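We call the chains A, B, C and D, going by the order they appear; numbering starts again at 1 in every chain.
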């Protein structure tokens, strides 16, 4: 790997980190508009983070090092993940370090640490959140993997950039299995990022909350890291979706021009992705918690059907 | 005397033994059982003697005498004495009524003859059908043991069985080696003594020689 | 002449014990006599190694490899039984305050039992063989009824009547054999000598031999504990003293089987086909299955192991029915292993029943904690009888299964089923016996008497790992004798 | 050092076992001497076998069967396959024995003897199983293994439950052994004492009739499945493993179960190369069934050791899936893929040996320190036994399949094996493969749930009962530390493992299917198809985490303040009873899978607690559907057969009479 690749790599990570709060704010803005509320400015997210970072952070007295250690692990793993996904360019230096399966594993690391930290805090709500999170993800993770399986079977490789390249340069044909895959992926995206109809990041209603319940005991810089991590995660998922399903316009060779182009295209894609999400979140109602496993299961089911169709139709 | 005279007599005696076995099968009274047993023993001795005459085998005379002494006199006497000492009176109730027992006996006899018939060919002319008779009386004695409910009557059946075997040994095969017969006789004697001892023990344990006292060792499910 | 010496020694033992067989003196004498028997048997083996088959009294007595193995086995088990008996019988005497007469009776009858069995093994004359077996029966009847309790009397009575009838049948069979042999060998002793019969067997009258063999099989089969003729077996084993149970299972059944085998070899030659073989296999399989089924619901420890004896005899019979070098080797190996292991089982279990004063499994519990040595002896002997490696029973069962699959594959699943059920039944009983809590009061008795158990078990182990030199070729040679 | 001498060393190690056993009988020795002497010798045995195994694994080629004994042949051999399992045995055995030194430190000599008498025999038997080259030798070792482990199960407690577990265990093991006997006899054909070594059988297999081959495959699957805990023969496993003392549980779960895999590979793959995808699919199906069943029940457990036992079932199931996949690929002729699947399976086995023994040993330390492994009692151990907790955390992350630890590497390989299956798969496979892949993925996800539950509820949060836990002894921590290190190292250097397995692949696939690769990476076919560099991965994450930490600390570093947990306003008043109980934690699965386990929430009175506590009571469907009926039938039959023995002597005589008559009639 040469210096240019490395710079691209770092650039990509930094870009993702920078864009994440912005995207979250943009999403909030759209939702507010759709629900005819007055939106806060785009800079709101940054200001929140800054304030949280400056505040003192409290720790439950009978929590252990695991509790304090977790926010950094979560943030670190998410940074690592953004480094692995081809956002701006293919064949980045780290591309071969891990493929889709490893990526899923990486996300699992983050989730499990979060759950363990929640269990460590030893409060009822944290346990509730942890339990629900584990249950839902036990269904969502297989769904995610199956969608990746479909893509990688089509591309004949499990490495993300290979998949992206295949979709980018391969004969443009609409694969039936990919349709199922895309659906499943979208559902998983909703689940994993705690969006409506699965979870509502905006409220702290203990009957419904999953993800937020695990963060209840965090404050200050820990909370800031976690929030930022969550935003990063959303961007990450979307960019993974882009890489797998609509990778067009990604820089193949790291030439400055191509990079600028890629950044532009990526931004455009994000801009477009947000309204869809916002729309979904506005139109759909939050599901009852007992329905959530069924929701996740249906995602898994879509994935499996996609696999079957691929194997049987060979497409 | 000549074979022409002796063989029919031998045959007659054989038939007589079979008849006696039937009588044993039918008889209910214990004392008369012992008498019948004695009669059978006597007949056995006589037939053995006849075979001795036929074959001119000196040793057979010994076994004839032995048989007379043991089976005709000693054993029945011991049994008789036992019965008196133990005051065993009255009839033996059977598990199966007399007539059907008899019928079964007949079936058994037919079966025995059918079984023995192919062997007749290889028999010395004197002893045609003897084996069949021996087999028949053996099985009848067996049947008797199965149908009687008193210890004593079972012993009688056992001894009748012994007689049948003896008859086979002497008449059908014209005499086993003496040493064997001696051994057999000895065992029979010891056996009877042990029976006697037993009766007393059983009596003092169960106040009866009825077999249903001896039916407690069973797998209780 | 050593055969005569051996015979004379054992027979002499009877009156000696009848006269002085009481108290410590009696126990000592008993052991002493068995030691003599053992030494003589070893000498016999020595002689056999030099000269091969031995005969005496104009071939009335004859020792070939089959009888030699069984003689050695009997002498060993007899010696061990006497050793164990020393402490066991002592306790029994104190428990039931048996008088001098009863003690003498016990020793004398035991001696005559051993003597008659030795006679059965030594004699070449099938008639004498029968006489000997009858004698063995009579003496064991007295041993079983030794306690004079209702139970023992009933058991002895059933044993006596059933085996008596069985032996009567066997005698009839012997007569028939003689009858068949007469035309060939002429009348006289020759016609009952196994060795001479064996040479001429192919000339014997087929039909007569068939009938004769049926009578023999049913007759001696009763004594051997083949189903459905083995109803006396559990009662007699349970009612008698444990030494007697050990001797019954370890010795008497073998000798009965030995008799059947002698006749089988004749019948095979006379009949050509494998009529006898099929009968043996059928009876063996039936006994194996019925016995192992009966074990599943057993609550009396001695009955349990009595049934297991029936099961093992069934397996052995099946093996000899299979025939051929491997199966016969396996059969004889199993016979030897079973005798050693089963007598050890009865020793240790007998001691346990003495301590707990009960035969109910419910009362016999937790011996590994309460009485470690006894617990270990129970554990090891039962494992041996279960055919656990590296005991020799595992090897023999292994071989039997192998041959069964070759010659009659249809039977193999049934064998496996039977063995499985037997294992389930015995192991189920074993665990509470070793580890169970509670159980009745338990009087601690001296455990010196248990040394024989460990000696015998080490023999079983040795034979499972590597069969010692002269035994191995001998066991191989048995097939030749029986063919 | 040559291969024969390696074999000799293995046999020496095996021979040490009985020595220790005899030593354990010596009454003069006190508890300490017994403990140190016995377990240190066992450790030495294990280390020797580890060395021998490693040598045999890396040394290409194998040595033919060497026979001892004249008439009864004791045959032994050593080849890469044996080597691998010897290695595995050594790893588990050495650490378990080390741990045992600490674990039994408070045990009286009497109790200790109960363990030390069967323990070395058990270990030697396992060594012999691996080294055996002949039917008889193998069966003897196999039965000894089952037998000795039975008495190990009984060594901890002799309560009714333990006795029942031991009975069930040995019974099923023995029935399985009988099946194996059948299989081997079919295979050996003829006198097995005439030196029928495995090599001979392998050579003679062409002459097997097809049905015999099928029968052998079926019987051996039953026989080894019984040891493997394969559904529906698993019934003993969850009872037996928890009943044993923890080092023994580790040995049983991490070393004895793999012996069954060894048997399958040896008999059904190396000796008997049966063509056709049929059996591959069967293995796959049973593997998946077992894995699913195991993982489902392990999520529901509230007893840590039972949870681990069920998870062993799951892992063995996954290995079986991998091997089945391998068979399928062999049958389809894709050798490189077969090598991949095989590699995945064996790698998984090795990993399981590492983290499962670590988990069992850890649970043992917990039991020793708190007196319970019931998660209803535990919690908050991270403060009282921090080092143990750290090690357990590593094991948990590894078994949950998280990169960059070893568990993930093998799972990654397995999934790759699924994904790289070419499109040209024959009809049935087109359905089987995707469904199986989906099933595997689901199992993996669920297992991480179970593991997080197990670790979180026992080590994190607040204690659910008042106990005074103390850190594990140095022996125990050393043993667990080695295992944890192993988890990390194998995770970072997966290529090393696959390279090590090349020899095994060559033996089983009869070709160089596996390609040598750098120890740092996993690249099954080509970097283009798929690649995984755990090293880079680890460095990346660590860098990211540390950078984040440093930046945040440098920019906003302020001391933390410890306060009572807020808990939505409960602050301070929140008690430990407000935490989820194990039953509560897995409640969703309890609901979702109710039809399978028919489990219900029930209450039970606890003396030291005021309120009754909830626990899940569920029943194994196979127990009610399969085992009880069999038992009933057997007892019924037995009842009938006892009818024969009904006391009347005349009836007995009648039996004899009828027998006689019938036989006479027959010959007529």
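Operating definition for what follows: a contact is a pair of C-beta atoms (placed from the backbone, for glycine too) under 8 Å apart; a residue touches a chain by one contact, two chains touch by 3 or more.
Everything numeric here is computed off the predicted structure, so don't read it as measured data.
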{"item": "Innermost chain, where centres are averages of C-alpha coordinates", "value": "D"}
{"item": "Chain pair, B-C or B-D, that carries the greater number of C-beta contacts", "value": "B-C"}
{"item": "Centre-of-Cα separation between chain C and chain B, whole angstrom", "value": "31"}
{"item": "Chain A-chain B separation of Cα centroids, rounded to whole Å", "value": "102"}
{"item": "Geometric centre distance via CA averages, chain D-chain B, whole Å", "value": "70"}
{"item": "Chain centre separation in whole Å, for chain C relative to chain A (CA means)", "value": "79"}
{"item": "Numbers and ranges of chain A residues touching at least 2 other chains", "value": "none"}
{"item": "For chain D, residues contacting two or more additional chains", "value": "639, 642, 645, 649, 653, 656, 660, 664"}
{"item": "Of all residues in chain C, the ones touching two or more other chains", "value": "157-158, 161, 165, 207, 211, 294, 297"}
{"item": "Chain pairs that touch, as defined at the top of this document", "value": "A-D, B-C, B-D, C-D"}
{"item": "Residues of chain A that touch chain D when the two form their complex", "value": "53-54, 56-64, 66, 68, 72-73, 75-77, 79-80, 83, 94, 96-99, 101-102, 105-106, 108-109, 112, 115-116, 119-125, 127-128, 130-132, 134-135, 137-139, 141-142, 145-146, 149, 152-153, 156-159, 162, 204, 206, 216-217, 220-221, 225, 293, 300, 303-304, 307-308, 310-312, 314"}
{"item": "Chain C partner contacts - residues on chain D that touch it in the complex", "value": "69-72, 136, 139-140, 143-144, 147, 154, 158, 163, 166-167, 170-171, 174-175, 178-179, 181-182, 185-186, 188-193, 634-635, 637-642, 644-645, 649, 652-653, 655-656, 659-660, 663-664, 667"}
{"item": "Chain C residues touching chain D - in the complex, by the definition given at the top", "value": "157-158, 161-162, 165-166, 169, 207, 210-211, 214-215, 217-218, 222, 227-229, 231-232, 234, 275, 279, 290, 293-297, 326, 366, 369, 383, 388-390, 394-395, 398-399, 401-402, 405-406, 412, 416, 419-421, 423-424, 427-428, 431-432, 435-437, 464-467, 472"}
{"item": "In the complex, chain D residues that touch chain A", "value": "379-380, 382-383, 386, 393, 397, 400-403, 408, 412, 415-416, 418-419, 423, 425, 430-431, 433-435, 437-438, 441-442, 444-446, 448-449, 452-453, 455-457, 460-462, 527-533, 536-537, 540-542, 544-549, 552, 555-556, 558, 560-568, 570, 574, 576, 578-580, 584-585, 587-589, 592"}
{"item": "Sites on chain D touched by chain B in the complex", "value": "639, 642-643, 645-650, 653-654, 656-657, 660-661, 664-665, 668"}
